[in-house]
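First subunit A sits with subunit B, and in the next complex the same chain sits with subunit C.
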Partner chain A sequence: MDQFQMQFVSFARLVMLAMVPYVLASQGTMLGGRTGLFSVSQEGIMLVGASLGFLGAYLYGSLVYGMLLAMFVGGLFGLALAYFTTTLKMNQFVIGLSLFFIGLGLSTLFPKIVIGVTLQPPLIPTLPDVPIPGLSQIPILGDIFFNQNVLVYFAILLSIFLYYLLYKTSIGLELRSVGENPKAADSLGVNVSVMRYVTAIVGGMLMGLAGAYLPMVYTGTFTQGMVQGRGWIAIALTFFGGWSPHLIFLGALFFAGVEILALRVQVAGVGVPYQFLLTLPYIATILVMIFASRRVRAPAFLGQNYDREKRTLS
Partner chain B sequence: MKNSTMLEMKGVRKSFGTVVALDDVNLQLKSSEIHGLLGGNGAGKTTLMNVLYGLYKPDRGEIYLREKKVEIQSPKDAISCGIGMVHQHFLQIDSYTVTENIVLGTRLKNRPTLDLDQEEQRIQDLSERFGLEVSPSSLVEELPMGIRQRVEILKAVYRGVDVLILDEPTTNLTPQEVESLFQSLRVMVEEGMSVVFITHKLREVLSVSDRISVLRDGRNVITLPRDEASEEVLVRAMVGEGLDVGKSLVFSDTGLDQEALQVGQEPVLRVEGLQVVNEEGNPLVKDCSFQIREKEIFGVAGVAGNGQQELAESLMGIRPIAGGQASIDDTSIVGLETRELLEMGVTYIPEDRLQDGFLPTANVAQNLILGYQRQEPYHNRGFLDWNAIFRAARELITEYNIMTPSAKEPAANLSGGNIQRVMLARAFSHPAKLLVAHNPTRGLDIGSMEFVYSKLLERKEQGMATLLLSEDLDELMLLCDRIATIYRGQFAGVLERGEFDKYQIGRMMSGVETHE
Partner chain C sequence: MSEQTTELGHSIKALADTLIPYILAVVAAFAAVGIFFAAVGFDVLQAYSTILFTSFRTPNGFVQTLLKYVPLLLQALAFTVPLTAGKFNIGGEGQLIVGAIGAAAVGIMFSGLPMLLLLPMVILAGIVFGGFWAAIPAWLLYRFGINEILTTVMMNFISFSLIDYVATEIWRDPTAGHPTTVPIGAGGEFPLLVAKPPLNSGIVLALAAAVIVYVYVNRTPGGYDLVATGANARASRVFGINVRVMFLLSLIVGGALAGLSGAIEVAGVHHRLIEGLQSNFLLLGIIIGLMARGNLLAVPFVAFFIAVLEVGASAMQRTMMIPVEFVFIVEALILLFVLLSDVVRRR
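Entry: the complex of A and B
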């Protein structure tokens, strides 16, 4: 392998690694959106997921427990969103923002209760790479795709699965119809509330897992605000991906690429202040939204609550 | 099987808050019959059917299907009882194909694969059997209204319903489409289905129904076999004793009297090659040319969404005129703002009174002067003169017989008919040269329609020019001196009074024929 190839493989590997939280959080956002639920609490749920994922792994000595705990709490946030908006018909944006702030607060509270204030925060082991026998031996591609941690595989398989579910099954047809025109779906016997609860809870679980990924892969510990806006970017990414799983996956690769590129350029010591480089993902977000927003189509009923007996005037 | 009872609703009551929409209503439906359900706006027809379809939960009342009591809590229950409903506003997923819309919610055998070839074939067969021609693989949003309605009916038929409810099915159809719909319904009842046909149009109900029930103010009035029903009997049942049918404009067969038919000579509005485009630059109104003279009512017929709204809005300065000329009394109005047009004496009754016509939380008086707030006498040295406003509002409320507790009532508390009276009172409260009115009687009961017609004619006789855009052909043929038909943003032809022909206009509405 020559120098350039090695550079490329290591860059591509890192992009795959960095893509995971974007994929998980955005697919979670997409699921809820497809039934009309527009969540803005991703950042908060990811923070709680990061915090509890770290604590679960630290207390029970296994990353799996950390992931399960993060998903459980993420699911609870999803349940809360569904309950307040679908059952109590409250404004989705307001509830989403409240949940974001609750998550933000809880994420720093839990470690303080469990661990206390320490100079040297405890560390958890990071998620190991699991080479897939056979496939990981393929030159170049093997290293990029088949010699990664389990959540990388999960993110890829999840995207494929969601694509299949949404477009190739009749459950998917029903699910999408709820976000397009819940009244029509309801009139054909599709249970709008159940669909919304399920997608909100599963979506929340994915966001929680997305958060837990950060201490488990990047830092080995929880630090305040460690999600660094990835939750907000996930919203932009979902729009950019036209609320469809395959495009969201590609979009996540793009954002991960920008993130890694920013780090690389920083390390390479180009004469640009690093603060500027850190803003690259956010600038990319705005640019992408400018071009994508005209072309993509969001679910028609996104962000609205459905009330069967609501009467219009006249 | 014939004449056995298919379905019965007994003692149904439904209230929304303090408003009782249905009170002790009964309905009996026989098998193999088309049952017309007639009533004015707000009579409770749709509410009753929404109860039957499980969309509304009744406060009281029972439903019997083939003499067995059934509980219908949701549309799902209704479907499993064999009840299907075609809503007035189609309940379709715009971005889905015809087939996807039809199979949605059914338990497909090949559920995990969503292979729809077989279903497509079945839909094709059904559409041929009932004369409801559609192409199963087209996207619903690209289809015209008439076809979208067939999709709705196929949705019910595909589920094998015994009872089909059609809520105002003819609203967006051309006369030809109405006839073909009626033929399809006949095929259905011959196969043993029962159809409930909700409408406020007497002639249609008389031409297609086997039996007719009339609702008024949420109560049963009568149920009659068709042989015993006549227009007069049904009108009395619908509107009560308040309306003199003999003198009614809505039911006049002879048309207007001579005085009302006088048309002036001087053109008020001249439009030459008018173009209106959407954001992407695609034309919505193409090369429209016409003149409206004093004392003339110029009608524009067409299926909804063929450029009527854009035409009206461009003349009112709400949308920019992209090309061509338009002038009022030889003053060009291209590029003028709505405010300047109002000051010139142009007045507007928008199509969607709830969206574009009024402020729901503002009170009746504020709504009555909306748009004129900068003019005398409401405006006085930079301040609103509330005394003058309320004085004018009280006068208008009396003159136009607006049912409201006071001029300070929030406008949203008024009924649809009264909101429309507010629109009219406002449009007519100032001397106007030109009125642009878009579907001014949509959703109104007969009494209110009567009122609108008489006001339009009164103003016409005083010299006003009127552009009347309407989807109700009967209305246009009654009131207009000339009728243009608009299809895809272009005039397909203009007919003079005397050569009005419903079917010819219908052909022009669907783009089959042009005139001249």
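Entry: the complex of A and C
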């Protein structure tokens, strides 16, 4: 392999690595959105997921426990969102923000209770790479796609599965109909509330896992605010991907690419102050929103609550 | 006479109807966290008395509370004014930071000017810079219809890099360990309202802003348009109100208010720009605005209550080693219970 090829492979590998939290959080957002639930608590759920994922792994000595704990709590947040908005019919933005606050508060509270305030926080082992036999031997592609940690594979398979579920099965059709026109879906016998509860809980679990990924792959420990806006970016990314699993996956690659590029340029040192490079993902997000506002449509009933006793929608 | 009595009775009843859900929410939130406290083994009563009474035990505690009150009130207004028009400004943090940068820049560059000139310039710079930072998402909303929640949050993250650049590259104070600028000119500092313990006059500006905003929204035709837009944008458009301009202006005014709080932090509290000076004011400001249900009359009172809790929380962490986050959870729970009381009332 020549110099350029090695550079390319290592860049592409890192992009695949960095794509995971975006994919998980955005697919979770997409699921809820497809039934009309617009969550804005991603950042908070991811923070709690990062915090508890780290603590679970630290206390029980296994990353799997950390992931399960993060997903469990993420699911609880999803359940809360569904209950307050679908059953109690409260404003989705207000509830989403409240859950974001609670997640933010809990994320720093748990480590203080469990570990206490220390100068040197304990470390957990990071998620190991699991080469897939045979496939990982393919030159270039093997290194990029088949010599990664399990969550990279999971993110890819999840995106394929969700695409199949949404567009090739009747459940997917019903699910999409709830977000487009819940009244029509209801009249055809689709249980709107159940759909919303399920997507909110599964979505929350994915967001929790997305958070747990950060200490498990990047840092080995939890630090305050370590999600760094990825939860908010995931919302933009979901819009950008037109609420479709396959496009969201591509969008996640784009954002991961921006993130890695900014890091690379920073390390290489090109004379631009590093602070400006750090803003790249956020500026990219705004640009992407401008693009999405023109070309992409969101589920028609996004952000609204459905009351079957009301005559009209909205 | 009897008519007057019934009227008085009605208004007392109305006030009670408003206050009772709040009181219940506060009690319920404290009770819920208290049970957890007791289970973990903390001294619940001492913790709660520290949280509630630190502000009133010493003059210093009270001044600390007022100092905290100023940014909280302004952040809450920065969130509530756009909310009146139905828009969510989650960018108060960035607007505060950029306002603070503007104030510090003017205070440093023109440090030789006398107070009569420099202080107004510093305040104005904070307002203009904060308004500008909000104008970007406001314009994106106006021009492209882009959801303001996301863009205002993104502007926060961009502002973190900006303040870091200003405090480490442009006007860095080499003697400080933490990213900090050199001090602003003495003429840019707020005069003290009380000398000991020191209380700067920023609180006067904050309260004035609260009064002006309240009067404008509730007593002028422009304010009426704003409220109508928030109540029903579609009907307002039919009625001839340019709702998109209302969205735009309400967000910019929100940014200006947050920028003012940035200027007060620089010119009143720190006398320089310090990275991290925004603290967690944004989140608390949103909590205050939502707790007050967007009511501009209630915001100053709720903000004071939260300032008391926050000062108490720091004291509790200092003296009892109980993490401040507990109080944040209490605040979030109060908000949730206040919101839930609406649901209960609806039934």
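Convention: the second predicted complex is superposed on the first by the 310 of 314 C-alpha atoms of A that agree within 3 Å, B and C clash if a C-alpha of one lies under 4 Å from a C-alpha of the other, contacts with A are read in each partner's own complex, and residues count from 1 in each chain.
Just so it is clear, a residue touches a chain if its C-beta (ideal position, glycine included) is under 8 Å from a C-beta of that chain, and two chains touch if they have at least 3 such contacts.
As the structure is a computational prediction, the values presented were derived from the model and not from experiment.
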Partners on subunit A (subunit B, subunit C) - clash or fit: fit
Partner contacting more residues of subunit A (subunit B vs subunit C): C
Cα-centre angle that subunit B and subunit C span when viewed from subunit A, reported as a multiple of 10 degrees: 80
Touching partner for A:T221 - first (subunit B), second (subunit C), both, neither: neither
Touching partner for A:G229 - first (subunit B), second (subunit C), both, neither: second
Contacts of A:S177 with subunit B and subunit C, given as first, second, both or neither: first
Contacts of A:A185 with subunit B and subunit C, given as first, second, both or neither: first
Touching partner for A:K168 - first (subunit B), second (subunit C), both, neither: first
Which superposed partner A:Y282 touches (first subunit B, second subunit C, both, neither): second
Which of subunit B and subunit C A:A300 touches, first, second, both or neither: first
Which superposed partner A:R308 touches (first subunit B, second subunit C, both, neither): first
Smallest distance from any CA atom of subunit C to any CA atom of subunit B, in Å, after fitting: 5
Partner subunit B, residues of subunit A touching it in the complex: 167-174, 176-177, 180-181, 183-191, 297, 300, 308-309, 311-314
Subunit A residues touching subunit C - in the complex, by the definition given at the top: 40, 88-90, 93-95, 97-98, 101-102, 104-106, 108-109, 112-113, 228-229, 232, 235-236, 239, 273, 275-276, 278-279, 282-283, 285-286, 289-290, 293-294
Touching residues on subunit B, where the partner in the complex is subunit A: 16, 41, 53, 55-57, 74-76, 79-80, 85, 87, 91-96, 100-101, 103-106, 108, 111-114, 155, 353-354, 360, 412, 415-416, 419, 443
In the complex with subunit A, residue positions of subunit C that touch it: 40, 88, 90, 140, 144-147, 149-151, 153-155, 157-158, 160-162, 164-165, 169, 283, 286-287, 290, 323, 325-326, 328-329, 331-333, 335-336, 339-340, 342-343
